[in-house]
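Naming follows writing order (A, B, C and D), and every chain is counted from residue 1.
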Amino acid sequence: MPINEANQEIKKEWKPKIVAFCCNWCSYAGADLAGSSRLVYPADVKIIRVPCSCRVNPMFILRAFEKGADGVILCGCHPGDCHYSTGNYYTRRRMTLLFSMLDYIGVEKGRTRVEWVSAAEGVKFSTVMNNFVSKIYELGENVKVGDLRCKE
Amino acid sequence: MKKIAFSQIDNLLAAIAATQKLYMPVETAGQYNYGEWTPGTKYNPDVLHTVKSAKSVFFPQSEDLIRFQRDGMNLSIDPVAPEDEDFVVFGVHACDVKGFDVLDRVFLHDPVDAYYTSRRKHGTVFSVMCKAPEETCFCGAFGIDSTAPGGDVESWIAGDDLVMRANTEKGEKLLESLGSMLADCDDNAADSAKAENKEVLAKLPLAELNTVGFGKEVDLLTLFNRPEWKELASGCLGCGTCTYVCPTCQCYDVRDYNTGKEIQRFRVWDSCMYSDFTMMAHGTNRPDHTQRFRQRFMHKLKYYPDRYEGVFGCIGCGRCLQKCPISMNIVKVMKKLGGEA
Amino acid sequence: MSENCNCHCHDGMEKDMLIPQLAVVTAIRQDTPDVKTFRVEGLNGEKLFDHMPGQCAMVTLPGVGEAMFSITSSPTLTGYKEFSIKRCGELTDALHSMEVGQQIGVRGPYGKQFPVDTEFKGKNLLFIAGGIGLAPLHSVINYVRANRKDYGHVDILYGSRSADDLVDYDEIKNEWIGEEDMNVYITIDRPQEGWDGHVGFVPAYLKELAFEPNCTAIICGPPIMIKFVLQALIEMGFDKTQVYTTLELKMKCGIGKCGRCNIGSKYVCKDGPVFRCDEIDELPNEY
Amino acid sequence: MQRVSAKVLSRVRELMADGTVTKVVGWKKGEFFYDCTPFVFETVESLDELVYDSFCAANLSKYMIKNSVIPEGQTGKVLVLLKPCDTYSFNQLLTEHRIVRENVYILGVGCEGMADIERVKAQGIKGITGASEKDGILTVETVYGNKEVAVKDVLVNKCETCKGKAHVIYDELISENEDEGAAGDRFEGVRALEAMTSEERFAFWKAELSKCIRCNACRNACPACSCRKCVFDNNASGIASKANTDSFEEKMFHIIRAFHVAGRCTDCGECTRVCPQGIPLHLFNRKYIKDINEFYGDYSAGETAGQRGPLINFTKDDVEPQIVSDREGN
């Protein structure tokens, strides 16, 4: 079965694929608020809701890249405001080390980001996403940490 | 017999690569493995062994078998055709050439493996006698003559020349295609090089190693039940290094990968040393580390010969001696369980 | 070695051995709470392949995996193949969630058959099965029933954990029981309301029934059952050459190459899965 | 030969003979002089084959996970020979409750650095038939003649930046080494990479990691990789591929493996030592260690048992991940 031709058409104009992991208690609600406030953010952002930002295993980030993401952003409650008290403090350490490692193996800085967005920050959510998407446009397609089999 | 000045070897390889794909030991970040020739590739005769053996040319570590498309209830199956491009593999030593024979018995045995068979059919093996055997070499234990490396074309580095001879029709065709690059030479041009090689091998510490204790007359279950297996396995880490560098290990796994657009089925080398090798929903038949360790060596020394006309599943290249993280290897097993060398 | 085997299982299969045929699930029967029987046909009613009793086939669900299952249907039914599959792992879970009409991949047949056309001919047969172990014997029993005059008296001893776990109980009740010159004995492990049949483990019931060792026994079931049944048979005077069983090991290729089902110098997928018990004695105890 | 070798061998024999210990985890003499194997000695007689010389680089602490569990019906302690750097791994395993401490008798042994046979051979010394060592000089007999090489010139990678001669845990110590603290700058390699452009770094890792054959030697040798079921062996994880079918696979494997041991890795260097393809895997671990030290303060895994690792800890004013983009560098 051939890959349908419509796909080929789309390929001509590159649009980034962006995965946003959002914590259920703050950032996902923030995204909700952005939506209900009619604030615009690019449709290229695909949100994955997680119970807490610290649920995001470093492997999730790599897997998103593997399957074709061009940028991965992780949003959680502001430090100190975690629904589970301390989850995002651990996230902060893990992601710092992971991002540093990605930089170390030569992946462009800026493809990954962590932002703290509360449930009340609909505006911030949309600004963050707009900024992140334009950063990814700037960096272009991710060719360094994707599985080629997913790109064919 | 034909010859070419050894200084011209890279030109010779370039000439081969001009007409067909050429695989040979190539260097990446300090290590030699079989890889495709690219302009500028140099042959290094001082490298005794590549890390991965030459089997990776015929039986690559991973290869695609099928592409599936799922659409609701519907399924389409699109087999990946076996490779049918002619190629040459250069620089194989006697042990690795014999390794092909060991694999042939498995993969060319009915029902044949289409992928391997096609590569064997289209590949021309250009062997070279090893220049300087090392202490880890014990090909002699399995009756391999390192001075007659075999293959479609066999060659010897003799003095300043590379002397070669075609053994098969495929080999003759290859030498013919090289035409005037090659000069004629005496049939005994490589004799002194061969004698030197033999002399070195005889002096090496494993020269006396033999397969007494693993022959047809030895009972399989007696060997299997030997208490020494436990202590032999006591240091083993259960990694797959020995399996992956081995020229004769042929076990593989078949796995699926979902690319988001289709499902690719591929096969990859696997190792009987891994705990999940025989794992099923209800458990595994070799839960113990010692059992898995025993399986690998029993397979090389007893199961394989029992199945395939007494031919051993080891060719004495010594890669496992060089690469095992804890230096446990088939020689230690043979000495412990076999007759005294 | 298997090269002496005179089956036609590998005819025309010299190419692309690892490539499955496209097949479609045409019927699903819930046999027990955790066993379903899938009827599988070639696309557009095409024939998949011929098989003999005891042989197996690889069933593929792309993205999940592939595994070896014994073909439960009798070779005499040429239009389709049936697989009775117990839900116990990743792949079987996925298979159990299939619906009729689902297309899957099937390749086979693999392995040695039960010697129905040679050693079994003219013999009295004693089938002993436990739980899902009936699956591989099912095709033999039905093959024997279809060629009834070629064989002597038939006894079937079948046990399972409970009355609900009896695979193919409808067929057993309606077709097997009461057939001429064929006795069916059924037992369940523990007493259960509404069950007036025998209660007890298979090996114990076997000793109770005290069959004469003038027949060929064919066993399949959980390893622990096979072990005790074999012991009981020996005590009853059976010789190991009279007893056949079928082994189950992890398999990936089905053609004696991938090395997974290797025990001793045998590959269970190719030289088995059917073994005579004296042959098994020559193998390392790793099955 | 290590200076303390003879003392070690006789002391082990004593401890076994007087019943203090019933098993000994040590190194067994090999086929050649350089290929000793970790081994569990169970009788006094078998101790004839115990060795402690310049080729005993293997870290034995991981073997104690299995061997510190005394099977029912048996009694007595298990002796393990640990070099200074090995004791860090042992401590870390204690922290993680993987070793039954009371069943172990640690005989700390002094070490002057271990030799790497690959490096000996890289000096053109091949076809080895025998060897002897005196005062740090290895005399190697080969079929091509005798050659001499100083052990300090062919040190195993991990010994080049020795973390010091002091044992951090032991029951008894046999050592004649003055602790001079750590030798060399172990982050030199990491710094060199950091100084490159990101394109150069990418090319470096691509070349190195493309050699990976996923044999799992690094994982199985690693004392920190002690999970009962590794995520890379778990079919349901979706990453148990067993081979690098794509260039992404190998990166994922090594980044994640290094991440899983980050904060627990004692920098024992076994991963690099055992890699059949010579991939400098310690550069991953040392990067994490360096980052941890810089971001969260100096931390040395395994220095004392029971420490709380940096990745299971936090402070309210930790740096933000953004620092990676903001800090200087390419």
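Here is the rule we use: a residue touches a chain if its C-beta (ideal position, glycine included) is under 8 Å from a C-beta of that chain, and two chains touch if they have at least 3 such contacts.
Worth saying up front: this structure is predicted, and the values here are computed from it rather than measured.
Annotation of chain A and chain D: jointly contacted by B, touch as defined at the top. Set against the Cα centre of chain A, the chain with the most distant centre is C. Averaging C-alpha coordinates per chain places the centre of chain B 39 Å away from that of chain C. Between the CA-based centres of chain B and chain D the separation comes to 30 Å, rounded to the whole angstrom.
The mean-CA centres of chain A and chain C are about 51 angstrom from one another, to the nearest whole unit. In chain C, the residues that touch at least two other chains are 90. Residues of chain A in contact with at least two other chains: 147, 149. Annotation for chain B: residues touching 2 or more other chains are 76, 253, 255, 257, 270.
Across the interface of their complex, chain C is touched by residues 65-66, 68, 70, 73-77, 79, 106-107, 109-114, 220-221, 224, 250-256, 258, 263, 265, 267, 270, 272, 277-282, 284-286, 291, 295, 298-299, 302-304, 306-307 of chain B. Only residues 193-194, 198-206, 231, 238-239, 245-249, 251-252, 255-256, 258-259, 262, 284, 287-288, 291-292, 295-296, 310-316, 318-325, 329 of chain D touch chain A when the two sit together in their complex.
Listed in rising order, the residues of chain B touching chain A in the complex are 69, 71, 76, 78, 257, 259-262, 264. Of all the residues in chain D, the ones that touch chain B in their complex are 28, 30-32, 35-40, 58, 63, 121, 126-130, 142-144, 207-208, 210-211, 213-217, 219-221, 233, 235, 240-245, 270, 273-274, 276-279. By the touch rule above, chain B contacts chain D in their complex via residues 28-31, 33, 48, 51-52, 61-62, 132-135, 200, 203-206, 231, 234-235, 237-241, 243-245, 253, 255, 257, 266, 268-271, 274-276, 321, 323, 325-329, 331-332, 335.
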